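Down below are the structures I want you to see.
In the two assemblies presented below, chain A is common to both, partnered first by chain B and then by chain C.
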Partner chain A sequence: MSVRAAPVEARPLTAAPGVRTGRARPPRAFDRPRFLKVFTGLVYVYFFVPILIVFWFSFNSARSLQVFRSFSLTWYRQFFHDPAIIASLTASIEIAFVTMVVSSLIGTLLAFGLVRARTRLARPTDVLMLLNLVSPEIVTAIAFLLLFTQLGITLSIGTVIIGHVTFSIAYVTIILRGRLSSMNREVEEAALDLGATNLQAIRLVTLPLLWPAIIASGMLVFVMSFDDFITTYFTTGLGVQPLPLRIYSMIHFGVTPEINAIGTLMMVITIAIVLAAIAIFARQHNRQIVTLLE
Partner chain B sequence: MSLSPPTTVHVDRVVKRFGPVTAVNQLDLQIRKGEFFSMLGPSGCGKTTTLRIIAGFEQPDEGDVYLEGRPVASVPPYRRNVNTVFQSYALFEHLTAWENVAFGLRRRRVPEPEIRKRVADMLELVRLKGKAMARPRQLSGGQQQRVALARALVNLPAVLLLDEPLGALDLQLRKQMQIELKQIQRTVGITFVYVTHDQEEALTMSDRIAVMNDGVLQQCGTPEEIYERPLNAFVAGFIGISNLLPGVVEDHAVRLQSTGQLVPADVAAYRPGDPVLLCVRPEKLRLEPAPESGVSVEGTVVETVYLGTSTQYLVELAPGVRLTAIENNVLTARPEDRVQRGSRLRVSWLPEHGRVLQS
Partner chain C sequence: MTANRLWRLLLLPGGLWLVLLFVVPFGVVIAVSLGTTDILGRPVYGWHPENYTAVFDPIFLPVLLRSAVFAIATTVLCLLIGYPVAYMIARYGGRYRNLLVVLIILPWFADYLVRIYAWFVILGDQGIVNGLLHLAGLPGTPPIIFLNTPMSVIGGLVYDYLPYMVLPIYAALERMDPALIEAGKDLYGSPARTFWHVTWPYTLSGVIAGAVLVGLPAVGDFATAQILGGPKTYMIGNLIQDSINTGDWPFGAALTVVLMAILSLIMLLYIRSASRQVQALG
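Entry: the complex of A and B
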C-alpha cells in the first residue's frame, strides 16, 4: 500500500489565467483523495489497537484489565512457572511442526500431480481440494470426531495432527501449484539435456526453485495449526491440552492478565517465524517469498 | 555423397502425431558433420518438434533418429551426445553464470581442475568473463542468451540444437548475435541445428536450410539454392518476396492468365496445358520504357516505396495482378530519374530468372 504524500501544489492545467473555474484546482484523472492518509491510519489503528492493548496490559503489575498501574513481568514469570501451560505450548508447537512437515510433503506432491500429470482426474481432484478449503471448519471437525469415535480411535495429539493436516494440504497445494505452473518446464528439460537423470533434475533444479514456495506455505500452515481452535477442540484427547484450548479453559475461570502474556508470546513466536523466513530468503536474493507473503 | 563430410544426424522417415494432428510427417534429413543447418518454417510447421525428437524430449511415432550412426530411439536425453539452447534460455535461476556453465560437466564427473579450465575458456569465448559470479536475473537478455549457449557448448556435444535462440532479443542485438553465433560455430566446429521462423536469419547464418510446412519438408539446400531455385510456391513465398503469376504451360513458354501474354520460360519439367505459377524475384525485374532484351510485360506503377538503399515499385499488370520490383538506389541513380507513380512502363526480366512452379 502506497502512502506517498500527494503533491501539495497543483497548478491548474485547463484553466487559462484569470478564468474562474469555481474550484481551487481542477480534478485530475487519478487524483488521490486528501483523506487517504487519515483513512489508511484508521485502518491500521483498527488492526493493531486490540493487539497493542494485549501487549501493554501483559506488563501490568496489577490484576486489573482496565487500569495500568506499573511495569512488571509478573505475568510472564507466572506463565513460565506454570508447567501445565508450558506443556500446552510445547504440545501446540509439536502439533504445528508435524502438521507443517506432513502437509508440505503431501501438498507439494499433490501440486505436482495437478500441474504435471496429464490425466483427466486432475480437474476433479482440484475441485475436491478446493471444496475441502471452503467447507465450514466446524463441520469437518465434527465429522472427524464422529469418524474417530466410530473407528474406535482414541483421541490424542495424533488425531489433532490428522485433523490439522487435512485442512492444511489445500493451502500448500494452492501456493505450490501457482509456483509450479509459472515455472518453465524447459528448465527441467535443460537439466536432463545437460546429463542429469530425472531424480537429479528434481534435486538440483526443481526443488531449489520450489523451496521458497514450500517454506512459505509451510510457515503459513505452522501458524494456522498453531492457533487453530475448532478442529483442535473436537479432535483432542484427554492428555495435554494444546495452547488455544488451554487459553479457552482459563477464560472459564475469569480473564487473567496471564492470558495477555500468553497472547503476546504467541504473537512474538508467529512474527519471529515469518521474519526469520523473510530474512533467509532476502539473503538468497530471492524475492519470491516476499511476494508470496504480501 | 562420398566427398561430403559424414552424417552426424540422420532423421529417418520420422512421423510424430499429437492426437489428430500430425506434427512431423515422413521427415528425412541428413545433417553433416560441422555444418550450420537451419530448419525454417512458420510456427506449427514441426521444426521445434523435430528438434525435440533429436534431443530426446519427444519419441517419434514412426521412423528413427541416428546420432553419429547409432539409433537413439531408446536413449534418454541425458545420455545423448547433444545439447540444447532453449528458446526461453531455461537458465538455472538459483545458480551463478559460472555454475550454470559447469552444470553439464559436473553431471559427467569431469575432474574439477578441468571443469574450471573449460568453464573459464567458454565464458571467455562468449565474452562473459567478468560476469561469472552473476545470477541470471542480474544479466541482460543478450548476456543470458550467451550463458545458455556457453552452458550447452562447454560439453562439446556432437550436435548443438538451438531453438529460436535469438527470438527474444531486439533487432539490433539479434543481428549482432547472428554474426557472433556463426563465428563461434566456425571456431568450435560443432554441428549446429538451428530452428527459426526468420528467413533472413536462416539465409544469413546457414550452410544449408530445410524449409518445412505443416510437418512436411518442402526443400533442403544451400541458402542460394533455396532462394534462387525454390521448388514450390510455398518456398518461393516464404523466403524473400516473390512475384507469382498464374499461367498455363505452352511450348517453351507460359501463357499468363492475367494478360494472355506468352512469356518464354524453362518448362522442361511440365507438359503443355499444365497450370503453373511463374515466379520472379523483385530484384531481377527491370523497369524501363523500352526493354532491350528478355521477357517483358506492360503495366502501371501504382505505388513507390522509398526504402533507403533501394526503392520498391508496385506495378499493376491487370486489375488485381501486381508485381513487386526492387531497384537499388545506386550511385548513378538520381532522384529525378526515378519512375513516378502512375507512369506506364514495361517490366522485363531474363528468361532464366523466371522460375516455373507447380500451382
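Entry: the complex of A and C
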C-alpha cells in the first residue's frame, strides 16, 4: 500500500525560485496514509467493540458483565421462554411489516406523482415531505401523541403504525423518485406507441423496472420501523410493548444479560433482511441489464 | 383519463397523509402549547403565552444551553473523527472501499437502545473497563466514574450519529478528482495548504450535510442522556419527556415548538448556504 501511495507524497524535483529548497520536509501527518490508516483502524475498533461485546456476552453463562465464564445459551433460552417478550417481538415484526407495506404503496404513488404530475401542488407536497424528513423525531412523536389523545383515539399498535408510516413515506419516495427520474422514459413511450394504455404501460414496463428499488426501500423501512424507539415510545398504548420499549424498561430496571441476547437477535434479524434486500436488488439489477443487452 | 390527471391523482394519498398526519398534528401541538390543563390534567385550549416564558425560565435555561453545547460538541467531534475516516476510505481505500463503507453502516443495524446499552456495560461502575482495571492489579480502589458525566453523554451521541457524518463527506470526496490535489501540489502548495484551499472547499457541502444530519437528531435525543447520564446531564428531549410523563402537556408542547423553531432556523440557514454554493459553482 505504501508503495502505491507514494506518488501522492512526491515532492517537486526542482524547486521554483522563492520556494523553500533543500531537503523536502516530511509530509504533514494528515496527508500521510499511515497516520490515516491507524486512525481509521482505531475508529473501526470504536465502532465494533460495543457490538462485539453485546454479541460475546450474550453467550456468557454467568450473570457478570465483566467476566466471561463459559459458553451457554441461557439468555436465549430465557428469551424464548418468556411469553411477554415473544409477544413484544411479534408486535414489533407486525408493526414493521404493516408499516413496510403501507408506506411502500403510498411512497411509490407519491414518487410517481412528484416526478410526473405537472401541477402547482407538486412543489408544496415535495417541501412537505422534506420537512417531515428533517423534523426531529421527538417533535413528530409528541405531535402524534397530542393528536391522538385530542381526537380521543386510544393508543395501540395501530397508532404506532400510523406514526411509523408517516416518517417512512419520505424515505420510500426519495429512493423511488431517484430511480424513476433516472429511468429511460422512452421504454414506456414505446409501449404506449404499441397500443398499451397508460396503466398497462406502467404495470408491464415501468413497475418491473422499479421492483428492486421498491423492495430495497421497503426493507429499509422495515429495519427503521423495527428498531424505532422515539416514535414508538410516545405512540404505544397500554397493551403489548414493542421490543424497543421492552429493552428500554429492562435497562431502566437494572441491567440484565438478557438484553445482550435480545440485541444480538435483533441484529441478526435486521442484517438478514438487509442482506436479502441487497441480494434481490443485485439479482434483479443484473437480470435487467442482461435483458436490456439482449 | 389523460396521463397528467392520473399523475396528479397519485399525489393525493401521500399528500393527504402528510397534511393530516404531519401538518395537522403540529397544529395541535401549537394549540396545546398555548393552552392549560383542567383539574383532571386534560388540555384545555386558550391563550396562555406564559408557557413560553416558562421555557426560558432560569431553571430550564441550563438545560437548553446544555442541549446546544452537547449537540455542537457532538457535531464537531463527529467531524474531527469522521472526516479523516471518510478521507482514508475515499483516497486510500482501493478495492476495499465498498467493504469499508458497508462496515461504517453495519453498527447502525444494531438496535439504537442496544448500542447505548453497550456503552453502559462498558463504562459502568461494575463495567468492563473498571473490571479490567481491577484485574490489572488495582483492587480496592474505587471504580472510575465514567457515567453520568457530560463526556459519557457526548461520547454516546457521537457513537450514535457518526455514520451520518462519514457518509456525506465520503460521497463528496468520492466525486472529487484526485488530480485536483496533485495540481495543488504541483503548484508548490504544502499538503496542509492544498487541503485547506482545494479539498476542504470541495467537500464543504458534504460537511454541512453531515453536520445537519448529526446535529438535528442529537439535539432531540433523550435516551442517550438518560441511560449514559442522569438529571445532571438532561437535555431538552428529557425535559419534554418528563413534562409529558408528569402531565404538564402545555409546557411539553411549548418546549417542542421552541425546539422545532430553533431547528427550522438552522435548516433555513443551511438551505440558504447550500443554494449559495450551487450558485457559486455556476
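Here, the second predicted complex is superposed on the first by the 249 of 294 C-alpha atoms of A that agree within 3 Å, B and C clash if a C-alpha of one lies under 4 Å from a C-alpha of the other, contacts with A are read in each partner's own complex, and residues count from 1 in each chain.
By definition in this document, contacts are C-beta pairs under 8 Å (C-beta built on N, C-alpha and C of every residue); 3 or more make two chains touch, one makes a residue touch a chain.
Predicted model, so just to flag it, every value in this text is computed and none were measured.
A.B. asks: Give one word, clash or fit, describing how chain B and chain C relate on chain A after superposing.
C.D. replies: Chain B and chain C fit side by side in the superposed model.
A.B. asks: Which holds for A:187: it touches chain B only (first), chain C only (second), both, or neither?
C.D. replies: first
A.B. asks: Is A:174 touching the first partner chain B, the second partner chain C, both, or neither of them?
C.D. replies: neither
A.B. asks: Between chain B (first) and chain C (second), which, if any, makes contact with A:98: first, second, both or neither?
C.D. replies: A:98 sits against neither chain B nor chain C.
A.B. asks: Between chain C and chain B, which one touches more residues of chain A when both complexes sit on the common chain A?
C.D. replies: C
A.B. asks: With both complexes superposed on chain A, which partner does A:200 reach: first (chain B), second (chain C), both or neither?
C.D. replies: In the superposed model, A:200 contacts chain B only, not chain C.
A.B. asks: Return first, second, both or neither, reflecting whether A:153 touches chain B, chain C, both chains, or no partner chain.
C.D. replies: neither
A.B. asks: For A:209, decide between first (touching chain B), second (touching chain C), both and neither.
C.D. replies: After superposition on chain A, A:209 lies in contact with chain B alone.
A.B. asks: Compute the least Cα distance separating chain B from chain C in the superposition and give it as a whole number of Å.
C.D. replies: Minimum over all C-alpha pairs: 11 Å.
A.B. asks: What part of chain A is in contact with chain B in the complex they form?
C.D. replies: Residue positions touching the partner: 184, 186-187, 189-197, 200, 204-205, 208-209, 284-286.
A.B. asks: Under the stated contact criterion, what part of chain B meets chain A in this complex?
C.D. replies: For chain B paired with chain A, touching residues are 55-57, 76-79, 82-84, 86-88, 90-94, 103-104, 107-108, 135, 151-152, 155.
A.B. asks: Quick check on the complex: what are the chain C residues that touch chain A?
C.D. replies: 1, 3-4, 6-15, 17-19, 21-26, 28-29, 32, 43, 81, 84-85, 87-89, 91-92, 94, 103-104, 106-107, 109-115, 117-122, 124, 126-128, 130-131, 134, 159, 162, 178, 181-182, 185-186, 188, 190-192, 194-195, 212, 216-217, 219-223, 227, 237, 240-241, 244, 249, 252-253, 256, 259-260, 263, 267
A.B. asks: Along chain A, where are the residues that touch chain C in the complex?
C.D. replies: 1, 4-5, 8, 10, 12, 15-16, 19, 27-28, 30-31, 33, 36-37, 39-40, 43-44, 46-51, 53-54, 57, 65-67, 106-107, 109-110, 112-114, 116-119, 121-122, 125, 128-129, 131-132, 134-140, 142-147, 150, 162, 165-166, 169, 173, 198-199, 223, 227, 229-230, 234, 243-244, 247-248, 251, 255, 259, 262-263, 266-267, 270-271, 274
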